[in-house]
Amino acid sequence: MTTKELRIGLIGGGRIGKLHGRNINTSVPGARVLCLAETMLNDEHKAWADDVGIPKVTEDPGDILNNRDIDAVFICSPTDTHADFIIQAARKGKHVFCEKPVHTDIQKIKAALAEVDKAGVKLQVGFVRRFDHNHRKVRDTVASGILGKPHIVKITSRDPEGPSLDYIAVSGGIFMDMTIHDFDMARYLAGSEVTEVMAYGAVNIDPGYRKYGDVDTAAVMLKFENGALALIDNSRAAHYGYDQRTEVHCDKGCVQAVNDLNDTSMISAAEGVLCAKPTWFFLERYNNAFIAEVIDFVDAVNNDKKPPVDGNDGMMAVYIAIAAGKSLKENRPVTLGEVMA
Amino acid sequence: MTTKELRIGLIGGGRIGKLHGRNINTSVPGARVLCLAETMLNDEHKAWADDVGIPKVTEDPGDILNNRDIDAVFICSPTDTHADFIIQAARKGKHVFCEKPVHTDIQKIKAALAEVDKAGVKLQVGFVRRFDHNHRKVRDTVASGILGKPHIVKITSRDPEGPSLDYIAVSGGIFMDMTIHDFDMARYLAGSEVTEVMAYGAVNIDPGYRKYGDVDTAAVMLKFENGALALIDNSRAAHYGYDQRTEVHCDKGCVQAVNDLNDTSMISAAEGVLCAKPTWFFLERYNNAFIAEVIDFVDAVNNDKKPPVDGNDGMMAVYIAIAAGKSLKENRPVTLGEVMA
Amino acid sequence: MTTKELRIGLIGGGRIGKLHGRNINTSVPGARVLCLAETMLNDEHKAWADDVGIPKVTEDPGDILNNRDIDAVFICSPTDTHADFIIQAARKGKHVFCEKPVHTDIQKIKAALAEVDKAGVKLQVGFVRRFDHNHRKVRDTVASGILGKPHIVKITSRDPEGPSLDYIAVSGGIFMDMTIHDFDMARYLAGSEVTEVMAYGAVNIDPGYRKYGDVDTAAVMLKFENGALALIDNSRAAHYGYDQRTEVHCDKGCVQAVNDLNDTSMISAAEGVLCAKPTWFFLERYNNAFIAEVIDFVDAVNNDKKPPVDGNDGMMAVYIAIAAGKSLKENRPVTLGEVMA
Amino acid sequence: MTTKELRIGLIGGGRIGKLHGRNINTSVPGARVLCLAETMLNDEHKAWADDVGIPKVTEDPGDILNNRDIDAVFICSPTDTHADFIIQAARKGKHVFCEKPVHTDIQKIKAALAEVDKAGVKLQVGFVRRFDHNHRKVRDTVASGILGKPHIVKITSRDPEGPSLDYIAVSGGIFMDMTIHDFDMARYLAGSEVTEVMAYGAVNIDPGYRKYGDVDTAAVMLKFENGALALIDNSRAAHYGYDQRTEVHCDKGCVQAVNDLNDTSMISAAEGVLCAKPTWFFLERYNNAFIAEVIDFVDAVNNDKKPPVDGNDGMMAVYIAIAAGKSLKENRPVTLGEVMA
């Protein structure tokens, strides 16, 4: 393994950008963020950069893209800018870590992946849940083959609270914004490609979702090439905490993982037995996974390995999300073939 | 409460008939089986009847239906005989406990229910899982309203081993034979009527299922009048034991129940931590529920109450099973309206 | 295996006598209670006997002891009558099932065991917890040797509510009345004999215990011949239910068992996660164990096997209880040798 | 809250010193290690210091004690040097974080505490388990009073593997080296002072312990001023991982916490149900607690608060360990009064 430090430029100083920035500078050996580019730069960004040891801040992403001292770019800006930044970074020979989804427009994604290919740089997409200790154990068990072929994949994914309706207006809909993680997880767990999608949705929590043609509750079934079936359920309101469970039923048995809890306590009294709640949201549940995915990205770049989640993974999840949206709208099963044509 | 003993005639001496017969004579106060009618009567039936204290056995169900000392009939014969026996029993003024499904032919069911109505006798259908302590706790929590309106219903139902292919040939298909329990459970948990069904199926375990147009793995989604969505998954092969779990996610929280286990042991060693398996099959998991449903039936008869699972419940589950079969065949969502028309 | 029915006489119609009587007549194949002898016989006893199918009731235990049609006697009368009834039954050639403790007076026990030996009848003592599915799994795991030699035995045993102070006055003290089950369990789990006892006690629940020199909270340590150490904790007030847990830490790992619960439900809400409570008390937790111990007794008698809990087991537990009482009183470790001398 | 950075000198570059050094420089805001003093300094220490950003290393602790730029000292050197370093640091007006045990010699501890008092500096002792999320939840529940008065405290503490016999030779014995954590935990959970100790011990794992008069398996009972009783069990060999469980049974109920696991997976197959093992050892289990205790120390210094574990806490645990050693040796209960006299 090489010991050269990977020099990183961070585009986007929002919640997820800050998360990566802090993680890289405190918990990822062999990598360092040299610059934050944030078009809406303010004092708070500057203070944060200072606190986590990022020496430079700028309003201009070009300061990163054109900086020859920067080896890799983390794209944490709004989704509709992802593809363009990937293209620019690739042309400058920089490796790319891009948050999910790669983009909502398949043609844009294809153009970006082509540029990445041409440049021979690494591209990793931020499907962080693959790096969670629980889901990974489920997947590794399936992949080991000890349980035989997968038959049924189950994913429960519920947020403790929904985003603002302002965000819903621009989110791309529940399948592109939230379920896309589950679509990637389904492919990851099943070890096979999705062939068909059937999506149900409902507005059970906040009537405001209707205004944007979106739903706050969803149930989705998938068919896979290998014969497996998947069932996914989503809710924008699990007031008890982030509910993230996975399960694969196979030929010879079943593997499942439940939530991480705040602690392992149990209080028994006449009124009942009280246990700890799940961790609150993704910062609590997936922080170690966020670190692990970056460690793997650094390893892929420094040691010329295939990134663990690549551009094709990013694109396939978008295809499934598009099919799910079409299925919900037309109330019929939609094949991947239809949307990939 | 009256103390008069309910005198029961048992039609059908197969596995489920014997189960009820033994339970009634050992564990149901205020009821007694006086006669077993089994058209294929053999010595084994006679020995069994003697052992559990049933004084009379016969090959002729008429000996029960025409016996004025018998108050109620348990119909545990093959499904295609159910409706006729209900009709005959009702005409003789006898109360009826009928195993699931009531019948596979809706017209036959309607005729039977009409006769029951006319005679003013009680009819209970054997959806035993409603009486399981775990599922009941889930339903009671939802019904109490403390969690608000249900949004998502999840049911996992997997048998440890499939029946013989001979049985598959006459079973009516997985939805009528196996998932029908889950369709009833979904209505029970959601407290609402199903409006639409989408069914996926696969043959993952035994290619022999294809010969009969059946599947061994199924995933089903339901829509309810109250806006809830349900996801059901079935497998004919859960080699670790009977996998019977239910969950309802609601406005204010989620209630779920997992399997009963053989014991509560945990063995921790360098190789891993080993826990007990779920109970093996329905005899182990639902035996107390089988007793509880009969106690409630006896109570309904003796005290003139509405049976906890009535003829309409029996018919609705059959409608959903028919819609599911149609959905699987035509690969599209099927409304209940379509099949009820 | 012989098929002759074992004819049983039941001495004592209190709570535990009724428990055995009903179990034998409904759930133990090959055995039947023919007669109940209860010196304080009342109408309630008669109605109960009628209900469970015991044809005869009497005030005179002699009606059982002298009845040549009776093969075995269940002694469920007050503790201070146990030894005498054992002796009389043995002299009449009757097998004996005796509730715990055999007696509180070691000389009486020795006399009774000698008579049993001389008569060649079977004697089983009612340490029912050995037949619980959870504790048995712990013991079987240890006995199998897969974890190697036992090092530490842990037993938690807490009643949901204490008995009346009137009962405390005559109970023989917590060690003879309550912990005696744990002393037997400790021997059962460790597979070794106790050599020394150190007992701590406290009155934390009800000051009334002081009046009788008793305690309501206890902690006991035991040393075993095989080098293992045991820790037992008792409370007379676990308001959440019957708390009965066992654990053995061994060379290669640890096996433990926790409580049976009322159901497997989990209710997750903003306020917390609520699970089911343990079963309430011994009738709920150990009913299957009560049946299993009698099935084994019947088997031992009918097939001339050693009873699974014999007279020596009964006596050893009493020795340990005596040593514990002495330890508490004198605040020092007491060897079994001291009290057995 | 002041924003001045706390400048720390680290004495001792062994396992625990490195743990604190790395934590402070990566995960404790407002504090920074400026210097490592290690009398056996080698290249590995230098590389480590460089890696975690400690600018200076030295063989001479005096370089820390005499450095006016250093505000606080972390004492992570061998136990028999603790008291002297505390005294020297206090005389120089430096705050002190001292690893457990403070010292094994009570007179030395008293001298150190007197010097700390005189200097008016802060002293915190490294009983890290108080900062574990699980144990803390147990304690907070008890301290909240919702369960009433504590009756029984149970602590299980087992290491996955014992230290080398070379270490055993100088460890001070199991009670001073290992159980001392549990003695502190018992005081923390019970919220009361220990009055008496009874200790049992055995050599079950490695006969080599006998040579040093030590044991590898221990069971200890404690009495508290408030009437509670405690039971502690220890083993030097829990091959399944670090076994760290606590429980307090109270007037109105019981609170307990079990181990953190590597993940939440469950693999169900015909052979059994396999779950994840506990985290391996203290680095895995208590890393967050190690960070939390230092954050609290920094807060105590910067904001002039009482440290959460003070010198008296450190001394009381040593008294109990001394009493336990005496109890084991003399096989009798030993009061704290005896050893404090």
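Should a chain be cited, it is by its letter among A, B, C and D, assigned in written order, with residues numbered from 1 in that chain.
Just so it is clear, contacts are C-beta pairs under 8 Å (C-beta built on N, C-alpha and C of every residue); 3 or more make two chains touch, one makes a residue touch a chain.
Treat the numbers as computed from the prediction; the structure is a model and nothing was measured.
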Completion exercise
Greatest centre-to-centre gap (Cα means) from subunit D is with chain B
Exercise for the section: Between subunit B and subunit C, two touching copies, which fits better, same or different residues at the interface, with half of the numbers shared as the threshold? Expected result: same
Exercise for the section: State, to the nearest whole Å, the distance from the C-alpha centre of subunit A to the C-alpha centre of subunit C. Expected result: 57
Problem - For subunit A paired with subunit B, centre-to-centre distance based on mean C-alpha positions, whole Å - result: 42
Completion exercise
Expected list for subunit A, residues touching two or more other chains, is 238-240, 243, 252-254, 266, 268-270, 276
Completion exercise
As the complex stands, subunit C meets subunit A at residues 238-241, 243, 266, 268-270, 272-278
Fill in the blank from the handout: Residue set of subunit B touching subunit A in the complex reads 149, 151-152, 154, 156, 158, 198, 200-205, 217-219, 221, 223, 227-231, 233, 235, 237-240, 243, 249, 251-254, 331-333
Handout entry: List of subunit A residues in touch with subunit D within their complex
Key = 26-27, 133-134, 136-138, 141, 147, 252-260, 262-270, 276
